[in-house]
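The structure is given below, and queries will be raised subsequently.
The first chain written gets the first letter, and so on, giving A, B and C; residue counts start at 1 in each chain.
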Amino acid sequence: MKVKATASPYLLWMALFIIIPLGLVAYFSVTDRLGNFSLENYRASLAYSPVIFNSIWLAIIATVICLILAYPLAYNFSRKSANHQRTLILLIMLPMWMNFLLRTYAWMTLLENNGLINRFFGLFGLGPFEMINTSGAVVLGMVYNYLPFMILPLYSVMTKIDHSLIEAAQDLGCNSIQVLKNVIIPLSMPGVTTGVTMVFVPAVSTFVISRMLGGGSNMLIGDLIEMQFLGNAYNPNLGSALSMVLMVIILICMALTNMFEGVEEKEGMLL
Amino acid sequence: MKQNFRLFFCWAAITVILLSSTLTPAYAFEPKDQNYYERFQGKGISISVYNWGEYICNGGDGLMNVNEEFTKLTDIKVNYTNYATNEELYAKMKSGGSNYDVIFPSDYMIARMMKENMLAPLNHENIPNASYINPLFHDNSYDPGNVYSIPYTWGTVVIIYNKNKIKEPIESWQVLWDERYKNEILMFSNSRDAFGIALKALGYSLNSEDPKELREATDLLKEQKPFVQSYVMDQIFDKMEANEAMIAPYYAGDAISMMESNEDLAVAFPKEGTNLFVDAVCIPANSDNQEAAEMYINFLNEPKVAADNIEYIGYSSPNLAAFDLLDEEIQNNEIIYPSMEILEQSEQFINLSDETNLRMDQLWTEVLASKGSFLSWGFAPVVTILALFATKNWMKYNRRKKRKRMVDE
Amino acid sequence: MSKWLSRSYIGLVLTFLYAPIFVLILYSFNQSKSRGHWTGFSLRWYEKLFHNDAILNAFMTTLLVAVIASVIATVLGTAAAIGIHNMRKRSRTAIMNITYLPVINPEIVMGVSLMLLFVLMGIKFGLITLILAHITFNLPYVILSVMPKLRQMDHYLFEAAMDLGCTPLQAFMKVTLPEIMPGIVTGFLMAFTFSLDDFNISYFVSGDKFQTLPILIYSMTRKRVSPEINALSAIIFIVVLLVLILVNINDVRREKELRKKEDALR
């Protein structure tokens, strides 16, 4: 029996709170300040393509780092007892319950040239290392803020990987790398896709992080869009056009990622 | 007029008070006109006040809780919420979705809101305490005659620097372009303030709308970029206090609070003149409770209330009666209440045309996005890898499709 | 050896996650307002916090909105995920694409567009709009975490339960729900986390009577964020940590008792 009706409240919700606002954004993006039709905003957003690529590039790096960090961790968690799993998962989420701004300030305190990390290294006569106001610091900020959203989906998929499958593979003569490649990774693929989506997508459109940890001299697309809405000139039209462009690019990226997942399992691939 | 500003201030305060004392009893927190404040008692009125964060005295340290006292006195309930920037306030007001009764925009934002008919003209008869406002702030360039706004606080943009590291006296904005302080300079991250400094350094007006002058300012800001450690706003506090940077422009009142945490800090006024900002109280055009809102504004200008507020905020007060209640130490502080000479050189922001605002944002993006982007390293390899992956998967996809077709057949 | 390796790896990641939290808590005891400059130990920010109604009210609003929004989003989202999973591929793909949109859309764009929508609909800004907006941006996270669990699940299990005489509801409660539970829990956790910490969307849909803690904190950035917020964060942190430890101890004890009973029965 296949129940589809349970999705109907969501579909209604979606139509009201996602499609209509999106329509508003689309409408704004093709009008000028006076409300006349114009494609000027899209033309103008072309000029910012380096900023867009820059953001995508950083988000890709952050996503890859998150995946590499989270994968063994999630696997580890999934092999622990149920109580431990629960505690560990909450421990992963707890830092995210502190305010984002305060966490970022704290990173500034840690990374600065007179910061705690450099002072620690100073005790051994090392450094100071230049950490803050670099692109590395921006990536670190992204990894820090989105790592839990990689760990969680990976973990929730891995808990249900049947341990006997792994044992069977071992009995059949697989070494641990082969087990990983032929059993664990394919079985955890749905979690990987979800995790990558949840990290990559918000990381592309992030702002504040680049401003606070990156020194503000290298704009990301999120900062640029924010500036259209809350900058000197209230320019929601250009901001909307920029975010439409961003959305299309991300959907293309997602389609590419979904290809890794194998053809049958594709989801969210309109393009 | 080389008169000391403090003297002018005291003199003006005494005159105003003498004048107003003929109409009203002397100031003290006991409101001068109890009847005035009791008009709305028992009517269940509430007003919505929308203010900057940390911008009203909320009690403690022997100061009063302003909103609480107001409710106690008038029986008008205060819904109090906060915003972080003028632009957020504007975006929210522009949508028309919420009704606020009292807002606190800054100079240029007041002018913009006036132009777009978003503010209600004040009925000055309901705000007798407006008479305490320093005559200096009666004819502000953003709102001549204070028709729509009553000044709440003011201040100047100053250069704050570490006197242990910078020994020579600072005279000019040019110091922010000094190569010797490379990577020790902080700069405003918002376009209007950053352009204001560049324009002033070039000797132009803060409010210049001339494309050529703006172009020059842009080039100057680009020139500065290699020397700038980071573009910041509120992070200036922590960075200056922790000796992370040597020099930064910021607001005078905040500079004082930084100096309290770090004794090595000092303040300089550049000779080219600076920005004098005013935050004022206004009533939005769609307010339902204008009279109650005016009562609130009047209450904010009660000498004791205004004095407590200014002590809490740390900026400068336009209210002369409140100034008189402040500690002598603050009254004599030349950073918070600079000399007339400095004030005469400084300029207020006004609203710029839409065109100029747009241009400024574009130019600012140009400054921030100019060279040194993260792309410089490794963009090409990533694109190649992605392309390889894509083609590989595409081939895999085709192969599987073919296989599937074969199976189907 | 490998156990030691895995433990130290978990330790390293946790250090990375908690390093800034410790800094944040450390500076809640700082005497001055500074967040980078230690001037001496003091408890004054804690004392001030308990007299600051604005912060405490905002905190209560934040909790209320986060709990309501994440619970509703979890229920709606789980139901939606099940429905979508059972759809044909093409409609499923289309719906999932739209589900991604709120995640893709920069928060500020979504905040402004929701603000305009509520104005169009004539809903007054307040708690209701806050909760509606939060549910909207929470839903994708719930759906995205439940979907992989459904895909992973063996759908014959459900049919087997039906064949054995379960009603569809029973089959769902006894078979499907336990299978996808980890996904639901992680979805809920993520939704709750996003709700707690959202500023951009909340700002544009909040009204004149209620504001959430992030709005209050961001509004302080003109002057500087008061260490009272650090103090509040420290308290939240310690309380949650204590609860976690207590629950864990309790679990361990119960497990031991169970084992003892089993041993006795043998």
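Operating definition for what follows: a contact is a pair of C-beta atoms (placed from the backbone, for glycine too) under 8 Å apart; a residue touches a chain by one contact, two chains touch by 3 or more.
Bear in mind the structure is a predicted one, so any value in this text is a computation, not a measurement.
Ranking all chains by how far their C-alpha centres lie from the centre of chain C, first place goes to B.
Compared on C-beta pairs in contact, A-C and A-B come out with A-C as the pair having more. Computed centre separation for the pair chain B/chain C is 34 angstrom, with centres defined by C-alpha atoms.
Between the CA-based centres of chain A and chain C the separation comes to 16 Å, rounded to the whole angstrom.
Taking the mean of the C-alpha atoms as each chain's centre, chain A and chain B sit 33 Å apart. In chain A, the positions touching at least two other chains are 105, 108-109, 112, 114-115, 229-230. Among the residues of chain C, those in touch with two or more other chains are 35-36, 112, 116, 217-218, 221, 225.
Looking at chain B, one finds that residues 85, 88, 91, 238-239, 242, 244 touch two or more other chains. Those residues of chain A that touch chain C in the shared complex are 1-11, 13-14, 17-22, 24-25, 69, 72-73, 76, 83, 87-103, 105-110, 112, 114-116, 144, 147-149, 152-153, 155-157, 159-160, 187, 190-191, 193-194, 197-198, 201-202, 204-205, 207, 221-222, 225-226, 229-230, 236, 239-240, 243, 246-247, 250-251, 254, 265-270.
Those residues of chain B that touch chain C in the shared complex are 48, 50, 52-55, 58-60, 79-85, 88, 91-92, 95-100, 233-234, 237-239, 241-242, 244, 254, 257, 260-262, 313. Residues of chain B touching chain A in their complex: 85, 87-88, 90-91, 94, 189-192, 225, 228-232, 235, 238-239, 242-244, 352, 354, 357-358, 360-361, 364-365, 368-369, 372-375, 378-379, 382, 386, 389-390, 393-394, 396-397, 400-401.
Contact residues on chain C toward chain A in their complex (touch as defined above): 6, 9-10, 13-14, 16-21, 23-24, 27, 35-36, 76-77, 79-84, 86-87, 92-110, 112-114, 116-117, 132-133, 135-136, 139, 141, 143-145, 147-149, 151-152, 158-159, 162, 168, 179, 182-183, 185-186, 189-190, 193, 196-197, 199, 213-214, 217-218, 221, 225, 229-230, 233, 236-237, 240-241, 244, 247-248, 251-252, 255. Across the complex, chain C meets chain B through its residues 32-37, 39, 48, 51-54, 112, 115-116, 118-119, 124-125, 203-204, 206-211, 215-226.
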